[in-house]
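Can you read through this structure? Questions will come right after.
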Amino acid sequence: MPQTILTLSTRGQGLYEFTDQAEAFVNASGREEGLFTVFVRHTSCSLLIQENADPDMGWVVHRAEGPDDMPAHIKAALTQVSIGIPVARGRLVLGTWQGLYLFEHRDRPHRREIVLHLST
Amino acid sequence: MPQTILTLSTRGQGLYEFTDQAEAFVNASGREEGLFTVFVRHTSCSLLIQENADPDMGWVVHRAEGPDDMPAHIKAALTQVSIGIPVARGRLVLGTWQGLYLFEHRDRPHRREIVLHLST
Amino acid sequence: MPQTILTLSTRGQGLYEFTDQAEAFVNASGREEGLFTVFVRHTSCSLLIQENADPDMGWVVHRAEGPDDMPAHIKAALTQVSIGIPVARGRLVLGTWQGLYLFEHRDRPHRREIVLHLST
């Protein structure tokens, strides 16, 4: 049951891809099959699988004026803090266009902890 | 660790149930307990567990005029690409009224790949 | 593969924390590592991980006049029925401020079944 913590530094609202780090974690395990789970340990950011060719989603960068605290919690509630992705032939079964992102909802820089886990 | 790919053909926006196929996959494994995970390999459709008696949700079939590309990605972000369902006594622990659906967000027909996985 | 059903009684829309019951389930298993999955067997309530210091989210308690049936299903679709949380050193890897909640979308009292599962 390999497990590790990945730390990402964010610089304001938006998407921060970590597909490569997730693949490297699975690869290092030497496992051919299993279930990869990613979990974010915060309540004002979340996880997203989206198109990795062009993840420029307008609603992501739009922000209302004023404090970002409550909107951040609502965005986190409406997206995911945990995603499970099966592993086959030693790789995540992501589709051709799918990338794995940390979805930051706060304006100021943050250090975010993401737990990577591989089950049998 | 049984794993397979289920392909569904969609004909426009809406819900496409695959509860039976998921149950058949679990049944064929011969396992009594475990964790079933379903993952969709696309960024413009998603997964949904909803009432299987009457899944006619108005907001699902409503569509704005114009291209369906950006709305599809937003709908995918706000719903799920991955769902984990425990297995007990050889069956998914779905509630009486719960059905498992592919949630298509695009207008034109698509072939969608769904990965079914069963962990111990 | 420990698994159990937790029953919660709700008294109208809002958040009902069950972090302690989840931790107790993991603790009773004696496992140091694994993947904890929680799944709710209903289509008009869901699961939420949010700040346990102050989970008073305005949008949660706001309700439109009239029947709560369709809004309940929409809220359930936009949140989660299933969440996976890795376990490390015998505990859920929740962040300091994260709590695990049943998110009730109906006005009247309900008994809700939540399946707790621990994978290797």
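In this document, chain identifiers A, B and C correspond to the written order of the chains, with residue numbering beginning at 1 in each.
The rule is short, and it goes like this: a residue touches a chain if its C-beta (ideal position, glycine included) is under 8 Å from a C-beta of that chain, and two chains touch if they have at least 3 such contacts.
Only a predicted model underlies this, so the values are computations on that prediction, with no experimental measurement involved.
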So if I superpose chain A on chain C by CA, what angle comes out, to the nearest 5°? 120
Interface composition of copies chain B and chain C: same or different, split at half: different
How many Å are there between the centre of chain B and the centre of chain C, using C-alpha atoms for each centre? 21
For chain B, residue numbers touching 2 or more other chains are 35, 78, 80, 84, 119-120
Touching residues (chain side chain C, partner chain A) in the complex: 33-35, 48-51, 57-59, 78-80, 83-86, 88, 93-95, 97-98, 119-120
Which chain C residues qualify as touching chain B in the complex? 1, 3, 35, 37, 39, 41-43, 70, 73-74, 76-78, 80-82, 84, 113, 115, 117, 119-120
